[in-house]
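Heads up, there are several structures right after this.
Here come two complexes built around subunit A, the first alongside subunit B, the second alongside subunit C.
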Partner chain A sequence: MAYFGRRFLHMLIVLWAIATILFLLFRLMPTDPSIAHLDPTFTEEQRQLVRAQFGLDRPLFEQYLIYMKNLAEGEFGLSFRQRQPVMGLVLAVLPNTLLLTSSALIVAYLFGALLGASLAWRRGSLFEKISVPLVLATRAAPEFWLGMIVLAIFAFGLNWFPSGGANVAGARYASEWERIFSLDYLRHLVLPVLTLAIYLQGLPALLMRSNMLEIMREEFVTMARMKGLSERRIMLRHAARNALLPLVTAFALGFGQSVGGNVVIENVFSWPGLGRLLVDAVANSDYPLAQGAFLVIAFVLVVMNFIADLMYGLLDPRVVHGEH
Partner chain B sequence: MFSAPITRRSLLASAAATALVGAARAAEPGDPIRKLVIVSAAQASDPQEFQAAQLLAQAWRQLGLDIEVRGLPRPELSSLVWNTRDKWDMSMWRMVGRPERSDPDEFAYNLFNPATAATGYDFVAHNDPDYMKIAEAQRAELDRTKRQQLLYQAQEEINREQPYIFLVYPKNVLAYDKSVWKPETVTEQSGIGIRSFWTFLRAEPLTEQKDMICNASEALIAMNPLYISGALDSWVTEIVWDRLMRMDPSGLPVPWAAEKIVHVDPTTIDAVLRPGQKWHDGKPLTVEDVVFSFQAPATGNKSPMYKPFVANIKEVSAVDDRTVRFKLNTPSAAFESSTLAKINLIPKHVWEPILKDLADKPQNVETVQEPMPIGSGPFKFSRLKLQEEIVLEANPDYWERPKMNRWILRIITNVGATLGMLGRGEINFLSDYRGDPKILADFAKQNPKIEVVSTIDMGFRFVAPNQRRPPFNDPSFRKALSAATNRQLMAAAAWNGYAVPANSFISPALKFWSKPGIDDLKVDMNGAKKMLSDAGYVLVGGKLHYPEGVKETLASN
Partner chain C sequence: MASIELPHIAAAARPRAPGLFARLARHLAKNPSALIGVSIYLVFVLVAALAGSIAPYDPIEILFTEDGQLAASLPPSAAHLLGTTNLGRDVFSQLVLGARPSLFVGLTAAVAVATIGSAVGLVAGYLGGWVDRALMRLADLVLGLPFLPFVIVLVALIGPSLQNIVLTVAILLWPNAARVIRSQVLTLSQRQFIEAARVTGAGEWRIMLVHIAPNIVPLAFLYGSIAVGWAILTQASLSFLGFGATDTISWGTMLQDAYASQALDREQFSWFVPPGICLVLVVLAGFLISRGYEELLFPKLGEG
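Here is the complex of A and B:
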């Protein structure tokens, strides 16, 4: 429990540091935000009015205090361009991003873990010789290029899937839940998930392979062989289960990272997600929106990190936190 | 060696008396002209503009100038040019087309108005009282033909002075699926293109697909009749909220929600409403609503972007239950285009409480997003997701019901995929295309059902010489730069042929106002050199110097 408390406090400090860095980062950028999001044909008077409205006319420190106070109250402010509460804008796209990320990660880690296990099992085979470079290549391929190839094949070539967006044009659903679980939404989800999964599977595959190689040298594997269990059973039931642990951490961290890192995929597939919102906001010097989006991403990342730490303790009895 | 400066000084001392002598001898050079910098959008953010700047630099180096092109990210460029007006020599710049700019007044009056030099439009600090007299006269001239003559004069004056060196009017390229939309009903609006009010109102479906599915390459920002939030958003506001007048396909204002417009005297205008109009919520549209619509933008500072468009209205009132009377401060030729065809009609029963509520809050009306926007235009709001799509439905109560059932705007961020989607029918109207026009043309060749329409924009690209900084304060110098500029090459090379050469602030898209043949725009490198030497500039060892006695007062930056 003490560990939990310390870890929690640690998390809060990290979040505070991130919030402060974000604040400074945007304000120290060379461009005046009031020019970027305003029509440059605005008069000076109009510009000052907008500056005052967003508090940009006050001293930096005062802006910081207001910002921190607002954050503590869960108030992220109004975006410069949409003139709307930042939280609403972020929450409107967050489910799309979470769904895209989690589906892709699950696919990537299931596939990656199985692939990694069989690669280790067939060490030195032709299968391994071909697969390892292939895995490395997909890991290194630019997502944009990968996405365009996937589009060219499955959308424009085979006509199996739609080529962009999250729903067919003008589709209407009674609720957000109904929309997300509709067949239409799932069809739109397939290609971005496939692309992201192809990109993500390299890490779990390689990680799993090296873990397996290590574990296969351990005595209990030899023991299982001596018991006369089938190879398949030994691989899946005994070795793979033990090799999975580090993947749990990688999964949790990967989740945090992918939440904000899907910009490219979201653009290629016109997927309405957080990454696109973030890039738009940065490109238009929309501080409050960019800050809000970054904070949400940082929050997810830090929380997932936290969860990974706790999970590790639960899953692996060898890891004990303090108190001795 | 020693006597030379003395000779020069003595010559200078008697300069007034020795004009003849001065003309007879070879001109003595002034200081060499410093390195001049053209600031432009970076190549990555605007390849065409950057390439145009390179072409300019190449040409002007032949005049003996040292020119550097400096690419900057767009926001940094805007900030430098607009906020620090004495810090740059020349900037690549553009003015974009908007329906209300179909009236040339905004450009004619504001662009070269020294009153706006400090913070407004006249960012090059051009100051020509003769021009301003003409600009003032045209805006008060209510007779169209007389005003046309005044605007011709204005364009000639600008051609003489070259306060901007105009480069090209770009062409907008858009496309649609002609197996879905009847080609004769897709209307090209001059200076805007086929993505026009008239297309959306009148396009006739040929098949069971009765939804027009358009695309936009970036997210929507807001949907608010009192906030000019972005170009994409304006396509939507334009068809959801109605207006007393509309710009017709040729770019002239025509009565619309008003049945007729009566000019009682130069400062009194009556608008007679079309009978039986309704808001999308079913309530009748009344004269009070119309009066309110023109008063609301002037409320305090609550609608800063629309306020300028109603600034000339002294009073607006209802005369009877169908007539609204506008009293103006000064006669205005552009009032119809820039006010009556610009201001959205908004329901008083919706917006009066909103404005009241905002009265003592710091926020302005731009922060208001109605969950269910109510207008009186040909399309009704159905739903909106800023990052995904907006869906509008044809308004069955409108006096001219749109032929399509729904108008859907999809946010599609991948330009490459956009074309594929057009081919597959995922969209059937390409309303926003920012890729290479050549690729679209090739695509249409392979897909015979796709019709591409290119339209000359009413906006223009130019290079702005900063007249706060010599030598750009000298009209002869600017004229020489202009003469050395190869606009044909620029349109062909930088814009891939999708642009036409420009030499006026009025695009040929505004046929009625643009002066034909204002200049033949032939490149004349020798003429440019002659202009410079006639004005006293001297080439020394291939480097251009100021006229005699002129010192370089600025450092290159």
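Here is the complex of A and C:
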């Protein structure tokens, strides 16, 4: 419980620090954040009025206090361009990002764990010699380029899947659930998930392989061999099972990182998610929206890191008791 | 006398320094993947250096065919090895010149990450106390930032030049290097040759810079080599998203151009496949070198 409390406090401090860094970044920049969206035909008086509306005419420290109070209340302000609450815009696309990320991670980790296990099983074989550099190459490939190849082949060449978006334009659904579970949505989800999974599978594959190789050197595996158990049984029951544990924490960490990393994939496939929202907001100098999208991405990352820490503690009790 | 003792200690402080390059060469011969990585780099460095004479055309020149037509979207031919873009520019020339910004970003980011990481790791590990705690908390915080979103926001605010991209990558990547170097410094401080230096009256700064610093160079090099790939991929991603330097042709801007000009729809594979392959090769080369180098530094990890 003390471990939990300490990690939780740590998480809150990190969140506070990130929010502060972001505040300073946007406020201390040489350009006035409100200028960009203002029409050049505005008079000085109108300009001042808009600045006052956004609270930009007050002293920096006062702005900071207001900003922190608002964040604590979940109030992210109004988007400069859309004139809508940032929170609403962010929450509207959040499910798309979470769904994309979790589907891709599940595919990637299932495939990666199997691949890694078979690489360890056949260590030294030709299969392993070819696969390891190939897996490394998938980690070296830019995600957006993989996405472009996938698009050119499956969307434009074969015409199997749509080339972008999350739903056919103009489609109406009774509820968010119905939209997400419609066949149309799933068809749009396939290519971005495939691309992201190709990129993500490398880490679990390499991790699983090295975990298995390490475990196979341990005494209980030798013991199992001496008992005369079949190699297959030793691999599945003993080595693979134990090698899977570290993958659980890697999954949680990967989830947090991927929500931020999806920025590129979402833009290639015009997937209406957080990353695309962030890029559009930054490109249009819509600072409140950019700030809100960034904070939510950071929030997911920090919370997933916290969950990974907790799982690590649950799986390996030494961490909880040893740390001070 | 200190003046007599010093040469001894200096030699003890760098016991492996003279042998390192010889070991490196021998190791490279035994480690085919590292050798492949180094060869790929050499080829690309050569291409970047000679880009001006290799590229048959000016990469942004709009070309016309002999009968005065715009040479747009031509398929690969002897005159245009990889065809032309939809605006009549030579893809091969762009590809060759695109090696420059990628290598520039990768190598300068490596130097920056290695330098900041070493400086912070040395100071934190050697001085300890509140300096150490503050620097390591800062490292934790930076590692908690979402990488690409932070780069996007920062580059949008400070301007999209190549130097600024290197700067943001360095700001985000130094903590990994600093943490490992710090713990190496902690171990080194306990070693006898440091004790010996202290006994002879060497000052703290002298111990830090003359006796400890040379021993962390291999680690700094390792983390620098890891940063190469990250920086190149980041620069390409930023260009693709439209936040890159608009005045330079890089593999990232080529891909962005191809994507925005419906090259995918028209199946102009010769336009958008080669820049991606170049990116994969350069980043993969970085991976192979750092893996090989890691095995050299920590031989036990290489087994299995």
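The criterion applied here is as follows: the second predicted complex is superposed on the first by the 301 of 324 C-alpha atoms of A that agree within 3 Å, B and C clash if a C-alpha of one lies under 4 Å from a C-alpha of the other, contacts with A are read in each partner's own complex, and residues count from 1 in each chain.
In this text, contacts are C-beta pairs under 8 Å (C-beta built on N, C-alpha and C of every residue); 3 or more make two chains touch, one makes a residue touch a chain.
Quantities reported herein were computed from a predicted structural model and do not represent experimental measurements.
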Which of subunit B and subunit C A:V93 touches, first, second, both or neither: first
Subunit B versus subunit C as contact partner of A:L301, first or second or both or neither: second
Partner chain in contact with A:P133 - subunit B first, subunit C second, else both or neither: second
Partner chain in contact with A:L60 - subunit B first, subunit C second, else both or neither: neither
First, second, both or neither for A:F269, with subunit B first and subunit C second: first
First, second, both or neither for A:R123, with subunit B first and subunit C second: second
Which superposed partner A:L110 touches (first subunit B, second subunit C, both, neither): neither
Partner chain in contact with A:L151 - subunit B first, subunit C second, else both or neither: both
On subunit A, positions contacted by subunit B and by subunit C: 148, 151, 155-156, 163, 267-268
Subunit A-facing residues of subunit B, complex: 73, 75-76, 78-79, 82-83, 116, 118-121, 211, 213, 218-219, 221-222, 227-230, 301, 304-305, 362-364, 366-367, 369, 383, 385-389, 391, 406, 408, 410-414, 416-417, 420-421, 423-424, 426-427
Residue numbers on subunit A that touch subunit B, as the complex places them: 30-32, 35-36, 39-41, 43-47, 49-50, 53, 78, 81-84, 89, 92-93, 148, 151, 155-156, 159, 162-167, 169-170, 172, 266-270, 272-273, 276-277, 280, 284-285
Sites on subunit C touched by subunit A in the complex: 33, 140-141, 144-150, 152-154, 156-158, 229, 233, 236-237, 240-243, 252, 255, 258-259, 264-265, 267, 269, 272-273, 275-276, 279-281, 283-284, 286-288, 304
Residue numbers on subunit A that touch subunit C, as the complex places them: 14, 17-18, 21-22, 25-26, 29, 123, 133, 136-137, 139-146, 148-149, 151-152, 155-157, 163, 210, 213-214, 217, 257, 259-261, 263-264, 267-268, 275, 278-279, 282-283, 290, 293-294, 297-298, 301-302, 305
